[in-house]
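In what follows, subunit A forms one complex with subunit B and a second complex with subunit C.
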Partner chain A sequence: MNVSLILIILLVGAFITYFAGDKLASKVALFFSLAALGCSVVLLNHFNTGENISLINAWINQPKISFALNADGLALAMLLLTTALTPVIIFSSFGNEYKNAKAFYALILFMAFAMTGTFLAADGLLYYIFWELALVPIYFIALIWGNGDAEERRKAVVKFFIYTLAGSLFMLTAFIYLYQKAGSFLIEDLYKVQLSACEQLWIFLAFFLAYAIKIPIIPFHTWQANVYQKAPTVGTMLLSGIMLKMGLYSVIRWQLPIAPLAAKEYMNIFIALGIAGVIYGSIVALRQKDLKKLLAYSSLAHVGLIAAGSYTLTLDGFRGAVLQMIAHGFVVVGLFYAAEIIYRRFETRDIAALGGIRAQSPKFTSMFLILVLASVALPTTFNFIGEFTVLYSLSQINIWFAVLGGTTIILGAYYMLKMFQNVMLGETNSKTFADVSINEGISLAAIIAVLIFFGFYPKPITDLITPSLETILNVINKN
Partner chain B sequence: MNTLIAITGLGIFCLLFEILNFRKGIVPFTILGLLGVLALNFYEFGTTASYYNNMVAVNKFSSAFSSLFIILTIFLVALSHNFYENHQTKISDYVAIKVFLLAGAVAMVSFGNLAMFFLGIEILSIALYVLAASDRLNIKSNEAGMKYFLMGSFASGIILFGICLIYGAMGTFDIAEIHESSLSAELPIWFPIGMILMTIGMLFKIAAVPFHFWAPDVYEGSPALTTALMSTLAKVVAIATLYKLAEGLNLIPSLENQDLSNTFINVVLTISIASMTVGNIMALRQVNVKRMLAFSGISHAGFMLMTFLTIATSAGILLYYTAAYALAGIAAFSVILYVCKNQDNEDITNFHGLGKTNPLLAAILTGSLLSMAGIPIFSGFFAKLFLFDQALHAGYVAIVIVAVINSIISVGYYFKLILAMYSKEPNEERTGKPFLIYAVAVISIGLNIALGLFPSLVLDLLN
Partner chain C sequence: MDTNLALVLVLAPFLGFLINVFFGKSLGKTVSGFIGTAAVAISFIVTLVLFNQITSTGKGIEVTLFDWIQISNLKINLGFLLDQLSVLWLLFVTGIGSLIHLYSISYMHDDENMHKFFAYLNLFVFFMITLVIGSNLLVLFIGWEGVGLCSYLLIGFWYKNQDYNDAAKKAFIMNRIGDLGLLIGMFIIGSMFSTLDYATLKTAIAGAANLNLPLLSLAALCLFIGACGKSAQIPLYTWLPDAMAGPTPVSALIHAATMVTAGIFMVTRLNFVFDLAVDVQTVIAVIGAITSLVAATIGLVQNDIKKVLAYSTVSQLGLMFLALGFGAYEVAVFHVITHAFFKACLFLGSGSVIHGLHGEQDMRNMGGLRKAMPITFWTMLISSLAISGVPFFSGFFSKDEILLTAFHHSIPLYVVGSVASIMTAFYMFRLMFLTFFKEFRGTEEQKHHLHESGALITFPLMILALLATFGGLISLPGNSWLNEYLAPLFTKVAGEEHHLGTTEYTLMGVAVLGGLLGILIAYIKYFKQDNVPEADENITGLTKVLYNKYYVDEAYEAIFVRPVNALSRFFRDYIETGLSAVVFGLGKAANELAFQGKKLQTGSIGLYLFAFVLGLCAIVSYIFLAQ
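This part shows the complex of A and B:
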C-alpha cells in the first residue's frame, strides 16, 4: 500500500463524477473525497508503524525522470490537510446550484488530485507537472462559475494564470539547470548538488518568483484579491485553503534545501518581504468594504508571516510555519464559508449593507465568532500555536521582526472584530436571516472542532512533522 | 522505398476511383490504404538501405518521420469527407492530391541525392499550390494560391540555385559523396554559398522569420483543410528535411573554419529567436483563428529550429516536438473545421460559447491549445522540456530564457480563444455531429496525451 492510491482515488473520482451526471455529481464527488480522506488516515497509520509508503518508478529514460512519491511526515501532514479540506469544501457547496455541476465537481476533485501530487512528488519534474496541473482546474472554476461582471472576472483570472505560469516557468528553467548538474530530477540528488554561491542565488530567485507569486508575497500579490473576490467561494477556498500552501510547502521542501547558501545570505531580505506583507495586508484589510476582499487581504497578512517563519531557517520557524499553514487552511476555509452563508441569505458581501444578524441566528453568530477569534490567534486555538511559534523564531533572528510581525495579531484583531461588529451585531436587519442549516452547521462545526482540538493538543501534528523538518534542516546546514 | 512506391500506387488508385465513379468509398478506401502503408513502414523500420544509385536512402530517421507524415495524412484525409461535402465531384481529386503530396513528403525525408530532394520539394509544393487555390470560386483562395505559388516557386528557385552551386563545388549530387568531400580541408567558396541558399529556400518553406511574410495571408485565404495541412504536415516535412539536409551534408562540422561555424550557430540563434518572438507578438493581435495559428506556427518553427544547435543528437527531440505540435494542430483544426463550416470567415467570434453548446469539442480545442502553450500533461510540454534541456546541456542559456519568455507570451493568445469558448454567450446553434471530425479530434488529442504520458516511445526511436 502506498500513497499513489490516494492519487488514483482522486483522479478516478474526478472521471466518475463527470460521468455521473449533473444530479449525482456532488454526492459522488463527496464520496470520493471522503474515500481519499479515509485512505490517507489509513496510510498515516501504516506510516506510523514504520512501513514504507513511498514509491519510485522509472518513467522517462532520457532525460531521467522518475515517478517518485515520497511520504515523510511533512508531506503526510499536507496530504491530510488537502484530503481533509476537500470533503469540507465539497460539502459546503451543497447549498448552491451550479450549472453543469458534473464538470464543476470533477474539476474540484482533479484539483485535489494535482495538489496532492504536488505535496507528495519527490522528483523535480513530476512535482512541476503537478504544480502546473493544479492551475488549470482553478482557472476554469474561477472563469466559468465565478461571480461579478464577466469582463472583469476574465481579466482577473487571465492575469492570475499568466502571472503564476510565468513564475513557474522560471522554476522549470531552474530545475532543468539543476538537472544538468545532478543528472537526475530526484530530490535526494538535487539536495546533493554542489552549487557556487552565485548559481545558488539565481536558482533561489527563480524558485522565489514561482513561490512568491503563488503564496503571494508582496510585491507579487496583485492578482490575489481580485481573483478571491471573483472566484466562486469553492474556488476561493481551494485557492486560499490549500493551493497557496503549495507555495509555502515548496519553500521548505525545495527552495531552501537546494539553495541554502543563498537562503542564509539573503535571509533578512526575504523575512522582511514576508513581514512587509503582514503589515501591508493588515492595513489594506482595514479599509475593505467587501467581505471576501477583506478576508483575502487578511489571508495575505497571515501567509506573509508563515513565509517569514520559513525563511528563518530554524526548526521553530519551520514548525510554526507548517502548523500555521494547517491552521490557516482550516480557518480561512471556515471564514470564506461563513461569508458564503451570509451571501446565500442576503446576496451581498458589502459590509456596510450587513448587520443585525446576531439577533436572528445565534448559532451562526457563535460559530462565526469562534472562527474570527481563531483567525486572530486567540490562545487555545490552533492558530495561536502556529503564530506564536513563528513569532518566537522571528524574535531569535531579530526582535524587531517579531515586533513588526506581531502587528498581524494586533491589527488582525482590530479589523476582524470590527468586521464582525459591522456584519453580525447592530440593529436587527430588516431582512430575515435563517440560522445555519444542518449541512452548513456540520461543515462549520467540523472546522471548529479541528481548530480547537489541535489548539489544546497539537502534539500529534508536531510529532508527525518534526523528524522530516529536522532532516531538511540538516540538509540546509550541511554545507 | 516500398513505402514510397505504395503511396504513389495508392494515389493512382484514387484517380481511378473517379473514372470508375466510386466516389463514396474513396475516403474509407484511402484511409485503409494509408493504414496499410503505415504498417508496411513500421515493418521496414530499422532497416537501412539505399536504392537506385543512392537516389533514395532509407534509414531510421526517414522511416520515423515518414510514419508521422502518414499518420497526419490519414487524419487529413479523414477530415476531407465532411469538408468537401459540397464538392462531391472533386473529392477524389483532392484526396489523390493529398496522397501525392504525401509521396513528395516521404521523398523529401528519404532522399540520398539532391535531385531526389528537389523532386520531393516540387511534388509537395505543387500539390500545395493546387490545394491552396482549390476553392476556385472564392477570391481569397485564389489570392492565397497565387501568393503561395509565387513565393514558393521563388523559394524553389533559390534552392535550385543552391543545389547548382553545390554541384559546381563538389561535382556530384550525391549526399554521401558531398559529405565525404566536405571533410577535406580546402572547400571552394561555392559550397557554403550553395548551402546558405538552400537553407534560405527551406526557411521559406518552414515560414521562419524573416521569410515568413507569405504565411499569414496564405493560411487565412486557403480553405481551412488546406491550412490544416500546411500548418501541420507541410511545416513538419520542411523542418525535417532541412534537418536531414544540414545533418547529412555535414553542414556544421564541414565548416572547418571556426568563424564560419560560429556564424552558422549565430544565424540559427538569430532566426530562431526572431521567429518565436515575432510570431508570438504578432499572434497576440489576431482575431482570425487561422491567422493566429499561422503566427503561432511561425513561433513554433523558431522552437523547432533550436534543435539545430545540437544537430548531432537532437533528431529524437525534433521528431517528438513535431509530432506533439502536429497532433495538437490536427485536433485544433478539426474543431475549427466543425465550428467554421458554413461561415464565411474564421474569426474568433465564431467560437463564442462553444463550451456550452459543444463541451467535448471545446475541451479538445482547449487541450490542443494547452499542448501548444506547453502545459503538462500534454506532449507539448515535454517537447519544450526536452528541447530546453538539450539546449541548456549544450550551454545555450540565453536562448532558453528567451524561449521561456515566449512560452509565457504565447499563453496570452491561446487563452484568448479558450476564454472566448467558455466565458462568452453562444451566438448560434450548430447541428449535426459529423462522426469523422469527432473521431479525428478525439484520436489526435488522445495520441497527444499518450505521447505526454509515455514520451520515451517516440523519443528513443532515433537513438
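This part shows the complex of A and C:
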C-alpha cells in the first residue's frame, strides 16, 4: 500500500463527479473526499507501524524524471491537512446552489489532487507539474463561480494567475539548472548537489520568488485580498486553507535544504520580511470594510509569522511553522465559512452593514467567537501551540524578532475583536438571522473540535513531523 | 488520590460551565444558578481538604497530567502544583467565588441570559484555578489568558450596548499588551534555564554559577509588564475602571477580589527571580506607589459608586506592588486576602444599592439609604472601616504592614503610600455619607420602592463583613500565622520581621490618625456641610482634571489608537494600491516591450536584409577589433 492511492482516489473521484451530473455531484464529491480522508488515516497507521509507503517509479528517461512520492511525517501531516479540509470545504458548500455543479465539484477534487501531489512529490519536475496543476482549477473556480462584477473579477483572477505563474517560472529555471548539476530531479540528489555560495543565492532567490508570491510574503501579496474577496467562499477556503501552505511547505522541503548556505547567510532578512508581513497585514486588516478582505489580511499576517519561523532554520521554528500551518488552515477555513454563513442570510459582507446578530443566533455566535479566539491564539487552541513555538524560536535568534512578531498578539486581538463587535454585537439587527442549520453546525463544530483537541494535546502531530524535520535540518547543517 | 482531588478541583467549575452552556436555558434560571454555585462550592470543599492536608503535612502536591508542548530544550507539562501559596489563593478564590455565585442567583434573576452569566462565571473560576495551580509558567498562562477572556465576556455581558462592548474589547487588548511582556519574559527564562517549571527553575537558579543577572532582570521586567496588565498598574491600568460596565458581581469577583490579583500571585510565585533583580524591584515599588496615589486622587471626585470602588481597587493593588517591590511578598499576600474580603463586600454592597435603586449608580442621586437598607449599610460600613485602616479591622493590619515595610526601605515611597491611604479613607467615607446618610435625592418613584435586598444578597454580605472584620487575625504583628505558613516559599529567612518598637507604634499611630483625618474631612464636607457633588457641567479646575482621570484615556487615544488607525487607512489607500500598480506596471511594461518588438516585424524583406547586413558588419568588425 502506498500514497499514490490517495492521488488515484481524488483523480478518479473528480472524473466520476463530473459524470455524475449536477444533481449528484456534491454528494459524490463529498464521498470521494471522505474516502481520501479515510485512506490517509489508514496510510498513517501503516506509516506508524514502520511500513514504507513511499513510491519511486521511473517515468521519463530523457530527461530523467521519476514518479516519486515521498511520504515522510511532514508530507503526511500536510496530506492529512488537505484530505481533512477538503470534505469540510465541500460539505460547507451544501447550502449553496451552483450552476454547472458537476464541473464545480470535479474541480475541487482535482485541486485537492494537485495539492496532495505537490505535498508528496519527491521529484523536482513532478513537483513542479503538480504545483502548476493546482493553479488551473482555482483559476476556473474563481473566474466562473466567483462573485461581484464579472469584469473586475476577471481582472483580479487573471492577474493572480499570471503573477503566480510568472513566479513559478523562476522556480522551473532553478530546477533546470539544478538538473544540469545533479543529472536528476530526485529530491535526495538535489539535496546532495554541491553549489557555490553564489549559485545557491540565485537558486534561493528563484525559489523565493515562486513561494513569496504563493504564500504570499509582502510585498508580493497584492493579488491576495482581491482574489479572496472575489472567489466563491469554497475557492477562498481552498486558497487560504491549503494552497498557500504549499508555498510554506516548499520553503522547508525544497528551498532551505537545497540552498542552505544562502539560507544561513540571509536568514535575518527573510525573517524580518516575514515579521514585517505580520505587522503590515495586521495594520491593514484594521480598517477593512469587507469581511473577506479583512480575513485575507489577517491571513497575510499569520503566514508572515509562519514564514519567519521557517527561516529561523531551527527545529523549533520548523516545528512551530508546520503546527501553525495546520492550525491556521483549519481556523481560516472556519472563519471564511462563518463569513459565508452571514452572507447567505444578509447577502452582504460589508462590515458596516452588519451587527446585532448575536441576539438572534446564540449557537452561531459562540462558534464564531471560538474561531476568532483561536485565530488570536488563545491558549488551549491549536493556534496557540504553533504561535508560541514560532515566537519562541524567533526569540532564540533575536529577542526583538519575538517582540515585533509578538505584536500579532495585540494587533490580532484588536482587529479581530473589533470585527466581531461590529459584525455580531450591538442592538438586535432589524433583519432576521436564522441560527446555524444542522449542516453548517456540523462543519463548524468539526473544525472547532480539531482546534481544541490539538490545543490540549498536540503531541500526535509533533511526534509525526519531528523526525522528518530533523532530517531536513541535518541536510541544511551538513554543508 | 491527589491527582483525582486536583482534577475534581479544576473540573467541577468546568462541568458547571458545560451544563450551563448546553442545558442552562432549559433548566430554568434558579436551577442553573444553583448548579453554577454548587460547582464552585465543590471546588471550595476540595480546597479545604487540600488546605487541611498541607497544614498537617507541610508538603505540597505535584500532579503531572501529560506532555503538552515540546520545544527542543523545553519540555512543558500540563501539570499542577498545589502548595502553600496556591492553596491559600484557592481558598479565597473559591470561597469568595461561591458567595458571589450565590449572590448572583438573586442579583441576575431578572436577566434573560442568566444561564450564560453563570456559564461564564464558572468558566472564569475554572481558568482562575488553572492559573493558580499550574506547575509552570505556561499553564499559568492558560489561566492568565483564560480569565482575560472571561473578563471580556462578562464586561460585555450586556452586548447590545456598544459602550460596554468597547470596554470589554479595551480590557482584552490592554491585557494582551501585558501578555506579550509575560511571553517575552518566559522566552528569556526558558532559554536561560531550559525550564518554565517553578520547582525546577528554583533549583536551577539556586544552583547556577555565573548567573547572567542583567538578562534575568530583563526577564523579570518583562514579567512585571505582564503583571501590570492583569493587575491594572500604570501604564496599563485604564481598562479596569471601564470594566465596571459588567454586572456588579463580576466587578466584585473578577475586577476586585481575584483576577486582578493574578499579577501579585505571579510575582510572589517567582519571588526567587525577582529577589535577584534588584533594579526591577525598585521599579515595581515606584510604579506601585505612583499607581496607588494617582488612582486615589481620581477616586476623590468620582460620582459613580462603582467607579470610586474601581479606582480604589487600582490604588490598593498599587499598595500591594509597593510591598512586592521591597520583597515583602507575605505582606502583599496578606493585603491581597484582606482586600479580597472588604472589596468584595463593598462591591456586592454597591450592587445591592444599585439593585435597590433599579440601576442607579450616581451617588448624587442617592442618600439616606441607611434606614431602608440596614444590612447593606452596616456591612459596607464595616468594610469601609477596614479599607480605611481603622483599628482593629482586617485592613488595618495589612495596610500597616505595607507602610511599615515601605518606611524601612524608602521614606518618600512611604509618604506616597500614606497619602494614598488618607485619600482612601476620605473617598470611602465620601461614598458612605453620600449613599447612606441625609435625605434621599432620587425620584419619588425610586423612593417608593426602596427596600433591603433579599437573603441571597445579604447573606454573602454578612459573611464578607465578618471576614473583613476578623481577617487580620491571620497575620498579627509579631505573631503571624500567615508568615509562618508561607515561609517554605521564600528563600530569605524571616529576619525581615519587624519587632514592635517605638518607631513601629509611632508609625501605626500616624497611619491611624491619617485614616481618621480622611474620615473626618469626609464627615465635615458631606455630613456637616451637607455638600453634594456638582453636576457634571459645573465641575471645573483641578476637580475637572481628576474627574476626567487626567485625560489619560484621551492621551492614549491620541498617541496610539488614532495613529495606528490612520496608518491603517494610509496603507490601505496608498501603499496597497501603489504596490498593485507596480505589479500591474511590470506586466504592462512586458506587454509594451512586446508591442514595440512587434513593430520590427513589418514584413518588408528590404528592412530585414538591411538589419542582417548591419549585424554582420558589427560581428566582423568586433572580431577584427578584438584581434
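Note that the second predicted complex is superposed on the first by the 479 of 479 C-alpha atoms of A that agree within 3 Å, B and C clash if a C-alpha of one lies under 4 Å from a C-alpha of the other, contacts with A are read in each partner's own complex, and residues count from 1 in each chain.
Just so it is clear, a residue touches a chain if its C-beta (ideal position, glycine included) is under 8 Å from a C-beta of that chain, and two chains touch if they have at least 3 such contacts.
Computed from a predicted structure; not experimentally measured.
Trainee: Determine, under the contact definition given at the top, whether A:286 touches first (subunit B), second (subunit C), both, or neither.
Mentor: second
Trainee: Now for A:62: first (subunit B), second (subunit C), both, or neither, which partner does it touch?
Mentor: A:62 sits against subunit B, while subunit C stays out of touch.
Trainee: Answer with first, second, both or neither: which of subunit B and subunit C does A:458 touch in the superposed model?
Mentor: Touch partner of A:458: subunit C, not subunit B.
Trainee: Per the contact definition in the header, classify A:47: touching subunit B only (first), subunit C only (second), both, or neither.
Mentor: Neither: A:47 stays clear of subunit B and subunit C.
Trainee: Contact-wise, after the overlay, does A:133 reach subunit B, subunit C, both or neither (first, second, both, neither)?
Mentor: So A:133 only meets subunit B here.
Trainee: According to the stated criteria, A:204 is in contact with first (subunit B), second (subunit C), both, or neither; which is it?
Mentor: After superposition on chain A, A:204 lies in contact with neither partner.
Trainee: Where does A:380 make contact in the superposed view: on subunit B (first), on subunit C (second), on both, or on neither?
Mentor: Only subunit C is touched by A:380; subunit B is not.
Trainee: May I ask you to decide whether A:162 touches subunit B, subunit C, both, or neither, giving the answer as first, second, both or neither?
Mentor: both
Trainee: So, A:407: does it touch subunit B (first), subunit C (second), both, or neither?
Mentor: second
Trainee: Which partner, once the models are overlaid, touches more of subunit A's residues, subunit C or subunit B?
Mentor: In the superposed model, C touches more residues of subunit A.
Trainee: Using the superposition on A, tell me which residues of subunit A are in contact with subunit B and, in the other complex, with subunit C.
Mentor: In subunit A, positions 162 sit in both the subunit B and subunit C interfaces.
Trainee: For a test of understanding, state which residues of subunit B touch subunit A in their complex under the given definition.
Mentor: 355, 359, 370, 375-377, 381-382, 385-386, 388-389, 392-393, 400-401, 404, 407-408, 411-412, 415, 419, 422-423, 455-456, 459-460, 463
Trainee: State the interface residues of subunit C toward subunit A in the complex, per the touch definition above.
Mentor: Residue list for subunit C touching subunit A: 21, 66-72, 74, 78, 138, 141-142, 145-146, 149, 152, 156, 159-160, 162, 165-166, 169, 172-173, 176-177, 179-180, 183-184, 187-188, 190-191, 564-565, 567-569, 571-572, 576, 579-580, 583-584, 587.
Trainee: For subunit A, which residues count as touching subunit C in their complex?
Mentor: Interface residues on subunit A, with respect to subunit C: 159, 162-163, 219, 221-223, 225, 280, 283-288, 314-316, 319, 356, 358-359, 366, 373, 378-380, 385, 388-389, 391-392, 395-396, 399, 402-403, 406-407, 409-410, 413-414, 417-418, 421, 425-428, 456-459, 462, 466.
Trainee: For a test of understanding, state which residues of subunit A touch subunit B in their complex under the given definition.
Mentor: Interface residues on the subunit A side: 60-63, 100, 103, 125, 128-129, 132-133, 135-136, 140, 143-144, 150, 153-154, 158, 161-162, 165-166, 169-170, 172-173, 176-177, 179-180.
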